[in-house]
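First chain written, first letter: the chains are A, B, C and D, and each begins at residue 1.
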Amino acid sequence: MSTFFLAIGLGLCILVFFVLYRVVFGPGVFNRIAAISAIGTKTLIILLIMGFVYGRVEMFVDISLVYALLNFIGVLAVSKFLEMEKEL
Amino acid sequence: MEVTLLIQATDDSFRILEDARKQAKGLLDSASILEDARRQAKGLLDSTVGVTSETRQMEKQKIQAIFKGAQEAKSSFQNFIATFFLLFVFWVLLSGKFDLFHLTMGVICSVVIAHLTHDLLLANVRVGETRVIVRRFITYIPWLIYQIILSNIHVAYLALSPRMPIDPHVLRFSTKLESDISWVTLANSITLTPGTITMDIKDGEFFVHALDKKVADDLHAGEMEDRVAHIFMEADHIYIQDALDVARIYVALRKWG
Amino acid sequence: MIRSSEDIIIRTVSRILVPFIQLFALYVIAHGHYSPGGGFQGGVILGASLVLLLITYGPSDTRRHISGKSVAVFSSLGVLIYSGIGFICLLLLGNYLDYGKLSGILHVTPAEARSLGILGIEIGVGFTVMAIMFSIFFDISSGGKPPEDEKE
Amino acid sequence: MTSGAVILSTIFMLGGIFFFTTATIGILRFPDFFTRLHATGKGDTLAVLLCLIGLAIYEGFSLTALKIVFIAVFMALAQPTATHAISKAALRVGVQPWMKGEKEDDSSI
């Protein structure tokens, strides 16, 4: 099962690299934010899978909860900032 | 005085509605009409929401509450107690340690947070309906999950098909829902169902981005809005919809039979 | 200057989430010696929940929850707790932050005293980090101008 | 750990990976910002939920599994909200939605 988890984590890492194309080249700032949010959700799963591989899930589950939370607040803050910048 | 009159009026309208339903059903059973019209009428009749005794009771209580002024928010002390219990349960589930020291710390933390935020978590809770709302919300979740799976298969099909048959539309519609929780439920359900995203809400109007024409028409039919209204007891237009449906069946049967 | 968001969805979701986020932050602070985290991380989450409140409800509503004065009090109170525990250890003839010596005044075994001492340190660090993070965000977002409700 | 639970969690996680993959392809292929949001907003939500449910089943009945379920509930609430926030900001700033027949360029802000 550990091998399976490693394979899943590796697949997610490859997907993160594909999404990274949108972050680097994606035209406009909004494409970049959407792609960063997508990377955040994938990272959440990768963190949990690391917990299972190292056998310390009860530790990593807190980390990934914090990561999900900060990802959400970050996206809200950036979109609020862009909206405000237009109004100024 | 007005209360009893109003209750009587709603009772009468419910009775009329039920009678019409019953009559339509009887006609449907007895009449020898064309097969496809029969099937259509039967489908229509099945899709209408029957007026259960539960909704009738709730409607009565709602009217009484409005007239007694009990519709106002609960007192802040009740809110504080409810928030405290919710937060304490959350703490125990997070902590997983049941010795005295940690439980005491949980009580202290929950009291502090509940004192700070009791006007946030339970700001607009209406009186006396919470249990029904929670039960209906739980029965709503499986349908939502089914819709999410459908929407993902839709996105997967669009992403993998070589020609990518999309034809985006922006549509706007105004909603009849009242409370903020029901708006959030509707907007998030729209985002999660196939082919639609809630883009903006301005002055009670939803701006929705739809991936093709068919999805946009489906949304205009308003099934989801009716479901959400049913959950949060803001269902007055459901009854109107029901009456219209029954009347339509009635007219169809008269014409054919 | 950040204005309150008029978007009903974001307002409602953050209204529901903020109490649970704050309780989770206190959990991270309180359980710092079993799980990852501790004072700094818990303080950051607490500050983030206040930032969420600020970007959805605007400065005046947020000031009702945590006033400018209490931000200052919290930031200095945290440092006071930290250094106070350290100096008490010095007074009890130990090293700075030598928690084992606290057993003399708390009437518990040295191991428990160490645990309690670490808890106190983490609470202090959490307070300071929360207050400083929130005040940095608030000052940047308000452009350095004092908010209106603090003038009177 | 029964083998049935392992098989079930494997199925859930493979489904999650599949939907992650299609969401990623959608992000890369769709013509403009709003259509890409369809991919991130829906695809990632279901994929994350599937992966989390699979991991929770593998973990078994414990408080850690309950915490994973908390993460799932939080994501189901937060992901559509974040999508809505981004799209609202884009609409306010003036990003125009792509319509059929237009050229596939998105020289957005």
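Simple rule for what comes next: a contact is a pair of C-beta atoms (placed from the backbone, for glycine too) under 8 Å apart; a residue touches a chain by one contact, two chains touch by 3 or more.
Just so it is clear, the model here is predicted, and its values are computed rather than measured.
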item: Closest chain to the centre of mass proxy, which here is the mean CA position; value: D
item: Computed distance of Cα centres, subunit D from subunit B, in Å; value: 24
item: Subunit A and subunit C: spacing of chain centres that average the CA atoms, whole Å; value: 26
item: Distance between chain centroids, defined by C-alpha means - subunit C, subunit D (Å); value: 33
item: Cα-centroid distance, subunit B relative to subunit C, in whole angstrom; value: 39
item: Contacts with 2+ other chains: residues of subunit D; value: 23, 37, 47, 63, 67, 70, 74, 77-78, 81, 84-85, 88, 92
item: Per-residue multi-chain contacts in subunit A, two or more chains; value: 58, 62, 65, 69, 76, 80
item: Sequence positions of subunit B contacting 2 or more other chains; value: 94, 187-188, 198
item: Pairwise chain contacts under the document criterion; value: A-C, A-D, B-C, B-D, C-D
item: Residues of subunit B defined as touching subunit C within the complex; value: 83, 87, 90-91, 94-95, 102, 105, 109-110, 112-114, 116-117, 120-121, 123, 180-181, 183-184, 187-188, 198, 201
item: Of subunit D, residues touching subunit C in the complex; value: 74, 77-78, 81, 84-85, 88
item: Residue ranges of subunit D touching subunit A (in the complex, touch as defined); value: 6, 10, 13, 16-17, 20-21, 23-24, 27-28, 33, 36-37, 40, 44, 47-48, 51-52, 55, 58-59, 63-64, 67-68, 70-71, 74-75, 78-79, 81-82, 85-86, 88-90, 92-95, 106-109
item: Residues on subunit B engaged by subunit D in the complex (per definition of touch); value: 93-94, 96, 148-149, 151-152, 155-156, 158-160, 164, 166-168, 170, 187-188, 191-192, 194-195, 197-200, 207, 209, 211
item: Complex interface listing, subunit C residues touching subunit B; value: 7-9, 11-13, 15-16, 18-20, 22-24, 26-27, 30-31, 65
